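All chains are identified by letter, namely A, B, C and D, in their written order; residue positions are counted from 1 within each chain.
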Amino acid sequence: MSASGKRLAGIAVVAAIVCVAIALYIALYLTNVPGSASAVETSSGTNLYLATVASAATNDPHPTWVSYYAVDANDQNWRHATTYVLPANTLVHVTIFQFDSQTGLRNPFIGQATGTVGGTFTLNGKTMEAIDPDTASHVFAIPAIGLSVPLYGISSTAKNPCSNAPCPLSNDHSTITFTFRTPAKGLYRWQCFVPCAAGFIQGFGGPMQTVGYMDGFIKVV
Amino acid sequence: MDHPAAGSTGMPEVNEPNHFLRIVLWWLVVSVIGTALVVFVLGPGLPPGNGSVEASGQVTDNTVLLALSVPVAAAVLVYLTYALIVFREREPEVYVDGPPIRGNASIQLWWLVTTTVIVLFLAGYGSIRLLADGSGGGQGPNPIAAPAASSSDPPLQVQVIAQQWQFNYRFPGYGGVEVPDLELPANTLVEFHVTSLDVIHSFWAYQLGVKADANPGVDNVAYVTTKGPLSVNIRCAELCGVWHGYMFETAHVVSKADFATWIRAQETRFAPATKTLPPYSKTYFPPPERRGG
Amino acid sequence: MSTIAVPVARPPLWRRLVGFNLLAGIALGIIGYVIGQWIGGRFTGVNIAYYSKTAGQNDIAIMLGYFFGVVGFLIGMGFANYPIQRMLGYPPTLAEHEAEEEGVGRYFRLCTDHKVVAIQYLVGIGVFFFIGGLNAMLIRTELLQPNTHVFGANQYLTLVGMHGTMMMGMMTSGILGPFANWVVPPMIGARRMAFPRIESFTFWLLMAAGVVLITTIFFGGFQTGWTGYQPLGDQNTAGYDAYIGFFALVGVSMTLLGLNLAVTIISMRAPGMTWTRLPIFVWSVLATAALMFLAAPMLIAALLMGAMDRTIQTAFYVAGQGGSSYLFQNLFWVFGHPEVYIVALPGFGIVLELLPVFARKPLWGYRLAVSGMLGVGLLSFFVWQHHLFVSGINADLRPFYMLSTELISLPTGFTFLCFMGTLWRGRIRFTVPMLFCLAWAFNFLFGGISGVFLSDVPSDVTTHGSFFSMAHFHYTIMGGLVFTFFAAIYYWVPKMTGFNLSERLGKVHFWTMFLAFNSTFAPLFALGFMGMPRRVVTYNPSFQALNDWASVSAFILGISMLIFLYNVVWSLLIKREPAEANPWHSKSPEWQLATPVPVYDFERTPVFDPDPYPYGVEPVPVGRPVVAPAGGQA
Amino acid sequence: MEASASAPLARHIEPEPPGWQLRAVWVAVRLWIGSASFFFLSFLFAYFYLRSIDSNNSWKIGQVNPSIGLGLAIAALLALSAIVFRLGAMRPSDTLGAGLAAFVMAFVAIVLQFVEYTQLSFGASQGGYASVFFGWTATYAVFGVGCLYWIETQLASLWRARREGLNRPVREGVPTSDIALMRAGIDACSFFWAYYATVGVISFIILYLV
């Protein structure tokens, strides 16, 4: 083997290693896609069942983080999903099971619901248009369409709080329902406005800034 | 450079053309055409448009700067083009040195004087424009460059409350009502008080020519005098976290009558929320700052 | 030299791999990281860091992990040996592993030969430059469409932050590391830097820093951009610890690199090399070095405050607890504005150094050029609040900062005047390095003119924080630094490596890069004017055409870098055509060395001309011989 | 390139001018002081900045007053140590003894600083002052540990030189002897130590008295 042949071989090996490293580097980003869930089409309309928990599942990469889950209404299957696929220009009935305790809002204004049909929501069956901002645990908000619904937190003295997802409905929780009209096709982000990221400054780090926990998309198709 | 200093430099060859004159002529032609194009063709389309008095002022400013920079750029580019064509080595095989010209005091002096004059003019011009009305920029809690407001018609105060990741607007003159979407009356002097609840944001109302950073615990005042009705793109212009790219919305400048109607409707609509709001304040430090959970 | 090589039986490979080298460094680095994590875990067990348990992250452990990891790496590289000897009282030495090792081995260990360190720097920084460039490609991929995501919002912002941080952190030393380390000693008549071990230290520290930054992707990245504004940084997940670690280590590296270069230039000029005879590149290095070792400590301090906010719960940047977000902005930009001139000034030096060679004329206006560089350096400490024109801080001082910022264009203009003067009636040769220098003038002209819009407050209200400012600093930094970086590579690599780069491929590289660069960044000025803010993952659909144009151009720009890479691999590693000693017929001292350059550079101190650029005249030697002291070491 | 590596260093190379390295050390320590000053100036700036804006009236949250006694002890020890070392450095016969005394005082001062943290009645989160106090004193103390190492190397060199009487070149082609370099090093070290102590006194005045 000639000297330049050896060099060629050496360079080829190095190049291969570099390419693998680059592929790995890119893959680390691409693999990290939060799960998605579709709304359930029933005869009564389009339904979306969500849940908010104080801690994600124990096998999650961040088991101490608060998170949204999608819940299958029938068999109570829980999926860690924050991308929700909804049909365009349709009324969607959202039901959220809220298992987390109260934190309070940084901006009390968000204690009032906006953007729902009628400007109201139901909390444990009672129709309301605002809650005491200090009792909020989370918020489901899609700012681009003006939707914002505060989620009432369970009492700090609750007897049977849920520690980690998945949480059966036998745990203490509040149930929030509301209806909103989906916009035209596209990708819209949703987020929470309660400073619920425990341990982060202003409560807005970690799960609040990571798509897949307290942030996600609605994908309107 | 047309009179190389005697002695230290090689004598110009006999048939050497007058490079300096040629360059100056080319420069004149290019600058005149370029400046005219910039002022009359590009100028009216310069940002941020004619949406407010301050925005128009910025357009004027941009036009002046662009018009000034054309001759400067032309001087360098014309010179470079000329030099690269005329002074190129025609026989690269042989290494021949050029004349050892080491400088020219009068050219250096002229250059220094010219650039100094331009710079001082720019700084003076910019300062005068800035101090006249603040140019729509955020000027901190004690603004020194406020547009003159008529005493009978005080400026409309609007507090912009930035938080991750949404702007809310509070109208202290209307019972402290807070709204998620902004409308402004036309032909009015508006006084924005920009503050933040958490990290640094920047309130950028593009068509109005307003940009003011929202810092936590800081009241950043920016003035704008609106003109006719229009739609305004509002964006956050300072990286504020994961949804920075989504922190945008549309505001509207509407007629004064429409604004009055709108604000009354908002007062009714957001009455439940207004009840829970803290008393109006220039800044907020809402708990929790840190949280154990 | 090869004639006197004594054939020595080479020890087996495994024996050569054992010792203080890169392998040991990596091994000890990993061990150190684990130890640091463990200690951090113990600490938080006694609950100093209050948020570790609830936030699911332990900043103390991660920071300590980085710290011990880097220390372990440096110990493995052999940097602790000499300090320990000194602790035991052994006398100082100034050399380590210079001539005793064959071939490529010394490039993977602590070596105090300034030529070896320079090539280490060139390759090391080159690697990170390409990673940073890859990030840019990914960013532009995401921006092909206004609201459809290739990457998630977190990943996109991490890419933006890593691109900026890596480029600013690494390319700060992009010219000083490789070229100043290599060229300055021969240019001033020295064989070494004043502190050769520190010279090597700055390089390996930079590499450790780069690895620290890349590890951010394992901790969720950081979503703050390269400016890392607080309190957003305080709020970030553990990935921001990597940002702090990276920039603090880079700050240390920069400080020491700057100190070392400044000391060398001040105290080690050969007899006859007076201040007025210094090549202009050395002057630019001196000005840059001064900025480096004065400005970088402020960055380190600002980052340490952030680190303390995240670990021991101080409140430097927490407004509700007596801190201020302005504090970080101030400290960061007091460093940050000199920093951008740290990046730009060596480019001025390279351009003015190379121009006389390829215009075959002395540098026009030497004193003007020197005063320009020193003036830029001095003024750069007084302009930082122009980054904060709309932030509401010290609004009354804005006219002052407007003036000081615009005043900087005076000394910068000197550089342009000297550039133009040197071309006057020269005999211009369009070699590859020369093309890159000429492109510098073109790019920096537009970078400078767009800077005027940003320095003028009324205009800045619209352009601040928009794609306009992004395009502006890419024109100055990429157009100013990266183009001159390549000019320096094409100019000096034949001397540094002893092999020629392909001229033809170089020209292809230049033209693709130059056209693609302008085609990428010129539209961004328009986008900024139209209202597109920086660092956004979505944008107004009406901006898509221009963004797509910029993205496609950026990909071509990326291809031009691959052409360069191909040139390097082909010319330097495979073809290996030996270079002449002085292919450019340059008259500066470093080209008078033999090729390949011996370990000791030169046997006799070079003789210097009173004129550093004796083109068109007969050289007049003025250097005097060096008198060895009595009992000179033999 | 490959060939030169195996060749012994050519013996006929002309040495560099004597005194270069000595001057380099002299210059380096002064520039290094410039560097360090900018570092500490950042904390000084933070102090006055946060104090002047007093965000959310939180410059001091609650009772935030470190005990002056310990602070004074630290500053006094540092100042004394610096004076002793600097004077000792000027007289070669006394350098080792003076250096040892200075080293001990410096060590005690830095230990006292860490002792102080355990005695404080306030935590780092208690406002801007508390942040600056912890940040400044901690980085200053860590800086001091580095200085201790530096002083130690100088004393160790002196001690070994006294035992073994060294006079060797520090590198091929560098005619400076290690004895001369050692004296330059001691001068630089004591000069920097004096600077460091000055910073300590200033920080005492600002953090405890102002």
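To be clear about the criterion, contacts are C-beta pairs under 8 Å (C-beta built on N, C-alpha and C of every residue); 3 or more make two chains touch, one makes a residue touch a chain.
Predicted model, so just to flag it, every value in this text is computed and none were measured.
The central chain of the assembly on a C-alpha centroid basis is C. Taking each chain's centre as the mean of its CA atoms, D is the chain most distant from chain A. Set against one another, B-C and A-B show the most C-beta pairs in contact at B-C. One simple way to say how far apart two chains are is to compare their mean CA positions; for chain B and chain C this gives 30 Å.
Rounded to whole angstrom units, the spacing between the C-alpha centres of chain A and chain C is 41. Averaging C-alpha coordinates per chain places the centre of chain C 28 Å away from that of chain D. The multi-chain contact residues of chain D, meaning those touching 2 or more other chains, are 55-56, 125. In chain A, the residues that reach two or more other chains under the touch definition are 189, 197-202, 204, 209-211, 215.
Residue positions 198-199, 217, 241-243, 246, 285, 289-293 of chain B each touch two or more of the other chains.
Chain pairs recorded as touching, per the definition above, are A-B, A-C, B-C, B-D, C-D. Interface of chain D with chain B (complex): residues 55-56, 125. Interface of chain A with chain B (complex): residues 103-104, 106-112, 114, 119, 129-130, 132-133, 141, 143-144, 146, 148, 189, 191, 193, 195, 197-204, 208-211, 215.
Interface of chain B with chain A (complex): residues 161, 163-166, 168, 178, 180-181, 197-199, 241-243, 246, 249, 269-270, 272-273, 276-278, 286-293. By the touch criterion given at the top, residues 50-51, 54, 153-154, 156-157, 223-225, 227, 229-232, 235, 313, 318-321, 324-326, 329, 359-368, 388-396, 398-399, 402-403, 406-407, 409-410, 413-414, 416-417, 420-421, 423-430, 438, 441-442, 445-446, 449, 452-453, 455-462, 464-466, 529-531, 533-540, 585, 611, 614-617 of chain C touch chain B in their complex. By the touch rule above, chain B contacts chain D in their complex via residues 217, 285, 290.
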